[in-house]
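Several structures are given next for inspection.
Next, two complexes with chain A in common: one pairs it with chain B, the other with chain C.
Our next item is the complex of A and B:
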């Protein structure tokens, strides 16, 4: 494989760019996840004792909720250490 | 096409008056009478056995809706959608898990409501559709359903739009995704949940428009006794809160013996509702055995609709 300095520099630049972009929207990504979590909780809240919408609404939407359910699951797992989670998000420590 | 609902406490004569109205209207119009009451007695009143849509006269058709069947059909449809989406899970017996939904509150009302919607939508070649409804509680619950559901859908759509908005922001900042990352959908057209919510919303909205429209009439049947009065007053208030068009009060089973009570009950009703009121007499010999047909009453109800 031919070594190309130009190619190397380009990859470095691209990675720096991607990293900055990822940092820039990290908080928004978390926000979206939280929103999706809330959405799923609202819709399927009856399972954990929250007042829920007419249950057929949940049944109607359930087939499209795969991603939401994944997030719900992940949140439930992380929920025992939310402080660490928030510190991670805000870049503390 | 006009839609009539007959409501009231159990045993006041909803089904009989609905049948009588349908019979009288059918002299000049094409009429379909649908019984939504789980304890069907439309067949008994007309003296026929009703299966699906049964022809009684050239212009009068009868239909009884089986709630259990409907709930089952509805759930089966949903389970099919589920197993289509999660094809790889077909090895598991999904419908076993979902059968518990049969007992969840709301499914019956929903099945009832969707059957009303379907009847109104598909039976457009009738001039009148007469619905004989189940007793008070269930009737109020399913008539309130479009309103309740629309409120929920509205909130869920708001959250969903916010999610998509944020996904769009992420998409703009991040630029094109590298391979292996799941693409976040940010366009409203790509989002299955929002599309489904909007479809549901438009369905409920049109049903709400029909139920509150000029062509829909709710008739409240009551008797000259205190119990039926109390429940009727609750119904009148319920309809008022929901903004549903109560347009007629039918005072049924009046005889010379109870005229005094009837006057009292009527005064009370007048104080809560100002819609037209019609008295219907109680006939002691009003039984099928002696040759009289139950749906054939003396009063002419057609000018009221």
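Our next item is the complex of A and C:
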């Protein structure tokens, strides 16, 4: 494949742009995910071990929540291994 | 000489990446893209997502780059420019980058679990549990060390303090534009960069002069408030502006160093044990890892690598540029720091008031620390001035020196301040985990310790209290000891992974550095406790005993780790 300077520079610029976009919202995305996680725990926590009775809403939504339950279950399993993840998210270098 | 060293450093890193790095990839870790990474195996669109290696490299590098790769080499100039440079080059390639790469790959192979989990699995549960304690102590020392550095910098160069304050304002405005108004990203970025430049200029015309004690109080409240407010208000936009500062500083520094063509003003080697930590003769070995951390070796990197990075790697071959390569990039940053101080540091000291009779090539090791302290030129300020002079001496000299000085100062201050408040968030988490055993047995105490504000105040108060002593070289050494202790465990864990899971015949590439590092860190801690910390207690008993307690606990844990490492036969293929 022939090397094209134009393509190379275009790739570099694209990568720089992608990098900056990721930098600009990484923490915010994480915070949003955490808020969603908290909401999911409030709603469906009883299905991953939290001692709270399921609400009518949770039971109604249950058939549509397979993916959310899988994620919730995985997070519950990983909940005592959060130190490194927090270091990575917060960028403590 | 500046040009020569920069070119040699660049080419050396390139050569070692494509030889030693590739050797580890192929023969030690047996990397194969046919192995599914956790981002694919466990893909959920939330925690496990694939990211392009270029984006992941940028995120990982920005996460591990901070103020330490600048401050450490500036302190190590006491040995002359060569010893620190050799540690940054070869310590990085054979120990530090290996440590980062092994931590990342072990985490990838363990489905994204942290290095702490891997250590628990391979060496024993208590090794994993001990991470919380060492990280908690490390976080307090980080607050102390960085608080002291920034405090000294703000007092010496009030323009930097003012610029930082204006930058906070700029970050708040940028946050509104990006996340509330949802302005076009490129437009918002352009406005943000303009505001950053204006903040730097405003700082030069509206300096904030205040005492060291005043700044300690400001940092205390800043840490607590910044770590409590939603990230999109301040932290996110501030970190985004920081990334621009990082890349700009790196680019300007590289170009200036390459095109300055200046000889070095300081000796290549001064003496094996110059007067440094705690005003004591500090032997290069074993003290060098305590002085230069992030530019060569840092335990924090193993946590960052095994945190989010390992969950997003698309294929195994991406780990080499991200884990090994980003550490080399940080080493290159430290190389630029050493080159700038070696080329322009002595002039900066003389301009600050040091005369040739007090400090010269013959007595550099004996007098550097004392001479720079006598004119209140901290190592951070020494870098800032040297960097500005280096840029001024190159074809970029049209940029006003004060402007460049403030850019360099903001670079250090921004990353150090970021570390301060993220440290607090982490410390809150550590306190919660460490207090977990008290939940049933002493619920009142548990509730008190894990209260959000109490858990914030404890590490902030302890850290700032230590910083207020002003004895930052002692604190820096303690911080180095804690950081390298984590590096030691992480490298042992990486070696254990290679021995027990990979069963590679090249296991010694991981095991030998792990043993070398453990011996060095142990010897360094013994030397530091008996030669530096005991004297520090005599000067300031309160903070001295607090740091001594931390060091003793870590020293004991150090022997627990090596016992677990040996007991689990993690040093050989079985």
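Keep this in mind: the second predicted complex is superposed on the first by the 75 of 93 C-alpha atoms of A that agree within 3 Å, B and C clash if a C-alpha of one lies under 4 Å from a C-alpha of the other, contacts with A are read in each partner's own complex, and residues count from 1 in each chain.
Convention: a contact is a pair of C-beta atoms (placed from the backbone, for glycine too) under 8 Å apart; a residue touches a chain by one contact, two chains touch by 3 or more.
Keep in mind that what you see is a predicted model, and the values were worked out from it rather than measured.
Superposition note: with chain A as the common reference, chain B and chain C can be accommodated side by side. When both complexes are overlaid on chain A, the residue A:61 reaches chain B alone and has no touch with chain C. Touch criterion met: A:74 reaches chain C, while chain B stays clear of it. By the touch criterion stated above, A:88 is placed in contact with chain C alone, chain B being left untouched.
In the overlay built on the shared chain, the residue A:7 is in contact with neither chain B nor chain C.
Using the contact criterion defined above for the overlaid structures, shared-chain residue A:15 touches chain C, although it does not reach chain B.
Judged by the touch definition given at the top, the superposed model places A:24 against both chain B and chain C.
For the overlaid pair of complexes, the smallest distance between C-alpha atoms of chain B and those of chain C rounds to 5 Å. When both complexes are aligned on chain A by C-alpha atoms, chain A residues 18, 21-22, 24-25, 28, 31 touch chain B in the first and chain C in the second. Within the complex formed with chain C, the chain A residues making contact are 15, 18-28, 30-31, 33, 67, 70-71, 74-75, 78, 80-93.
Only residues 42, 44, 46-47, 51-52, 54-55, 58-59, 62-66, 68, 107, 113-117, 131-132, 135, 178-179, 185, 189, 230-232, 235-237, 239-240, 243, 294, 298, 300-309, 415, 418-419, 422-423, 425-426, 429-430, 433 of chain C touch chain A when the two sit together in their complex. Every residue of chain A that touches chain B in the complex is listed here, in rising order: 18, 21-22, 24-25, 28-29, 31-32, 35-36, 38-39, 42-43, 53-57, 59-66, 68.
Every residue of chain B that touches chain A in the complex is listed here, in rising order: 74-75, 78, 81-82, 84-86, 101, 104-107, 109-110, 145, 148-149, 152-153, 155-156, 159-160, 162-163, 166-167, 169-170, 173-175, 178, 184, 192-193, 196-197, 200.
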